[in-house]
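Each structure below is given as structure tokens.
Look for chain A in each of the two complexes below; its partner is chain B in the first and chain C in the second.
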Partner chain A sequence: MTIRKQEENARRTLTLTGRLDTVTAPQLEAEIFDNAENITELVLDFRDLEYISSAGLRVLLAAQKRFAQTGGVTILDPNETVMEVFEMTGFADILTIERKAG
Partner chain B sequence: MQERTLDATIENIEAVTEFVNTQLEALNCPQKALRQIDIAIDELFSNIARYAYRPDTGPVTVRVEVEKEPLSVILTFIDHGVPFDPLQAETPDITSDAQAREPGGLGLYIVKHSMDEITYTRENGQNILRVKKSMA
Partner chain C sequence: MRVYLQLTVLALLPVLCSACFYQAERKTAFGRLPYGVKQALYGLVFGLVAVCNTEFGVPIDGAVVNVRDAAPLCAGLLFGAPAGILAGFIGGVERYFAVFWGAGAYTQLACSIATVLAGLFGSILRKFVFENKKPTWYYGLAVGLIMETLHMLMIFFTNVSDVRTAFGYVQTCTVPMLVSNSLSVMCALLIVSALGKEKHQKPREKRNISQTFQRWLLACILVAFCATGIFTYAMQTKVSESETDSLLSLNLEDVRQDISDASDENLLSITREVAALLEREPNADNARLAEIAEDMDVAEINVIDENGVIVKGTNPSFWNYDMASGEQSREFLTLLDGAREYVQSYQPTSSDASVWRKYAGVALSGGGFVQVGYDAAHFQEDIDRQVVGATRNRHVGESGSLIICNEDQIIVSDRGGGEGLSLSEIGLQADAMSVPEGVRFSAEVHGTPSYCMYVTGEGYRIIAVLPQSEAVFTRDMSVYILVFMEVLIFAALFLLIYVLIKRLIVDNIRKINRSLAKITGGNLNEVVDVRSNAEFASLSDDINSTVTTLKRYIAEASARIDRELEYAKVIQYAALPQVFPPYPDRTELDIYASMDAAKEVGGDFYDFFLLGEDRLAFLIADVSGKGIPAAMFMMTSKTLIKGLAEAGHTPDEILTLANAELYKNNDAGMFVTAWLGILNLKTGALEYANAGHNPPLVRRNGRFDFLKGKGGFVLAGLENTQYKKNTLDLQPGDGIFLYTDGVTEAEDKAEHLYGSERLKALLQANSDDLARVLCEKVRADVDAFAGGAPQFDDITTLYLRFLKRKEDGHAGTNTGCNDRKY
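This part shows the complex of A and B:
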């Protein structure tokens, strides 16, 4: 997995390419939480993410807990496989998910 | 039928995924089903790596079988670690709000809900876990 990081004021945007699983989840965790004292809002661009396993969900839950009081966590454009995992685990109800129309 | 035996370690998840994907390459499986297979490998193999031989490690055999008409893929994971029946695992909390939610148990839950069949048997001191996914 590769992660591209952008920061604008207090918003951090991470763009993920590849697979978010047991091996790569710690990498995402580090990108989210390292030097994040002044970050209030987290955007995760999932457009090029192939799939997510429970190890990735763990990191998303920790991020949601950390950023809930400020700007929260927004997931952009998850594919059908990822969206199905969010729906079956109830994560669709606790994350803000934005999908492109059509 | 193809199979491979490796040490039950987190580092080997990638090798197992690649081995299985190579067996399925020529079958023209739907991409979504293949991704669900990859997720199942991550969940099941990482569970075995973490718990089966704790605190040491030991071998896992991963077997790939393909059934035709209708096309389906069967993965079998065999270890001789501590008995563990994933079908008896507790249902995770999937309804609380984020602050109250605990992340445990989601992996097996995802596997149960994305594979078509899952069976567990304990035989001759071995955990034999078999999942089937329809590719039709």
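This part shows the complex of A and C:
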């Protein structure tokens, strides 16, 4: 998995490509939480994310808890597989998910 | 002012080019050109900048100052070796031929070579010292300084036969060229680093070894540098002073000799004439002598007899004076002992010390001699022209001269055109000249600060004058060359230390670190083998033996951990219902479940248990994560849910309460997805709740379908999750298949997922099988699909078949044919 990081004021945007599983989840965890003292809003671009496992969900849950009071976590364009996982596990209800119209 | 402006523009040219190229390379299509083309372009443009400097150099005091060397340096340092070498070559060759259209021929060779060297120097540094990274600005400053120092030395070395002119160029050019070239290179590096915001050299929190060495070296060399500089300066000052003294006094002595020779000859010839007259007129009386003295324009004539007594003369007071009675006059008695002629220098007379006179004597054939004396005023008129002749064309050193004045301090001879003036009018003040004869003093003669010395002779004062610049030339040149050489030596030492430390220590440490990284990365079979010197050989041995010991400990520890994990697995499995059929006397149901952990201990679990006689609770769950932590969380969850179920809660209540409890003690941030159902065996009514788990497949009327419906959030994720209760009526023959994502997300080697549709199809195809058979078929199909790809997740399945409604009053005691098979 590769992660591209952008920062704009207090918003951190991470663009993920590949698979978010037990092996790669710690990498995402580091990218989200390292040097994040002044970050209030987290945007995760999942357009190119192929798969998410429960280890990945755990990182999202931790992120949601961390940013809940400020700007929260926004997920952009998850694919069908990932969206199914979100819906099945109830994560769709606690995360802000933005999908491209059409 | 214009000069500085022009120099600034020239110095900014390489900076501008560097900035433009750097931006173009990164931001435009230029960056995508082939390497060779880019290098050629860099070389060409920086070469042209060097040419510009040749053509538009700034003339200062006859020398031409320019910033030519900065361009090839920048090209080499910033853009690559070929660019640097090409730029240096273009600049150097153009400079060589530029003499045909006006450039200075004197420094032709030095400047050409220096420009080519600048390109080479920049390129070599980039490749071997800066490892193709852009150096930090202060390296640019140093590189510029060193290059220009080399350039100045080249001017000396290419003009060894004429160091004086060479030194003139060097003195004029050193400061402006050193400053402009080094600042230019420095600015180029600064601007490029500002544009790129790159960290050119890795920022190190701690200084590396070679930096520490270089710092100490710099400190030591600076001290040595200052000490040798001061010592050389002082010694060379002494040398030049003593050389000046001897040069001045030698010249003075020569001239005094010339003058005294001239005046001696002048007076002797007069005396010979007087003697010849007296030979002819032996009886000339005093009056006749006075007449002769008048004719000859001399001050006095005395005739001395063979006894050394003045018998007659022009001055009556000297008559009968015994020549032996005075020191000055006694010298003439030599004429009575056979000498023919004797002449004295201009000096005070024996009879009256206030009277200065020059005497000569010639022996007379009849015994005795005649002595003639005259005043300076008289003989100087006679010999002034000879004096001028003796001094006018004489040089002291290269550009010094001799000045002669008479007793009235009026200058008689001066190449500088001061004849007729007084000494003070050309700068030789009386107080400056209050030193004794033959002692050096300083004065500004004709506006030039000079070292001077004087002697007197024959009534003249002879002053030798040597411009100070010439006197200290050797010293200044020595100091310049010393400083230049020290700069180069320091640069060379700096490089040497860098290279030595890199080769002897840093490279070896890197090798060891690479091996250590492999070892830390888990390859304990890596052997460290750096044997280039004793210290590293011993270090390698130590590391190897440490690793060997470590390997042994790890093997022992891992064997122990393996055993413990094995126990954990056994305990975990023991917690799950393992005996099938679990209720051999219950004909209403057929249930089977299995769990295969990916690692020794996993996070999946299933459970089922009877609540009283009529109800069966069954669940499947998946703890996020794996290993011991997941297993422990699983045990907690399992116990909690079972406890809540046995307390009589409905599935939604069980999950809601379990969530609140699990959330409390969840520092690790784990969560559990779970599906829990309670089936009423009498009615077939199924109550269930879902905490984020995969939807089960329900078999109704012979068809399997996913039990869709919105589930709740995962367990232990959020504090106050409320779960909903769902209901479903099962008819005899229906069933429900629970699984975890280890099934649907199993992967083949091409990373394709097994998928829920494949699962549904498999179940459908085998829908009449017994629970155990179906579960085993699923497992086998997943294995076949994976085709040897590693199993990432626990694979857990549970299949419950509802065979018939439980009848009231008596439990079914006959074992069905289905059950018998277990």
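We take it that the second predicted complex is superposed on the first by the 102 of 102 C-alpha atoms of A that agree within 3 Å, B and C clash if a C-alpha of one lies under 4 Å from a C-alpha of the other, contacts with A are read in each partner's own complex, and residues count from 1 in each chain.
Everything that follows uses one rule, which is that contacts are C-beta pairs under 8 Å (C-beta built on N, C-alpha and C of every residue); 3 or more make two chains touch, one makes a residue touch a chain.
Predicted model only: the values in this text are computed from it and were never measured.
Applying the stated contact rule after C-alpha superposition, one finds that A:D21 touches each of chain B and chain C.
Residue contacts after overlaying the shared chain place A:I94 against chain B and chain C alike.
Among chain B and chain C, the chain that touches a larger number of residues in chain A is B. Touch criterion met: A:R58 reaches chain B and chain C at once.
In the superposition on chain A, contact is made by A:E80 with chain B only, not with chain C. Overlap of the chain B and chain C interfaces on chain A comprises residues 19, 21-22, 51, 53-55, 57-58, 61-62, 65, 81, 88-90, 93-94.
Chain C makes touch with chain A in their complex at residues 622, 624-626, 669-671, 673, 691-695, 710-714, 717-718, 721, 741, 745, 751, 753, 792-793.
The touching residues of chain B, counted against chain A in their complex, run 10-11, 13-14, 32, 35-36, 38-39, 42-43, 46, 92, 94-95, 97-99, 101, 103, 106-107, 109-110, 113-114. On chain A, the positions that touch chain C within their shared complex are 19, 21-22, 51, 53-55, 57-58, 61-62, 65, 81, 87-91, 93-94.
Within the complex formed with chain B, the chain A residues making contact are 19, 21-23, 50-55, 57-58, 61-62, 64-65, 68, 80-81, 84-85, 88-90, 93-94.
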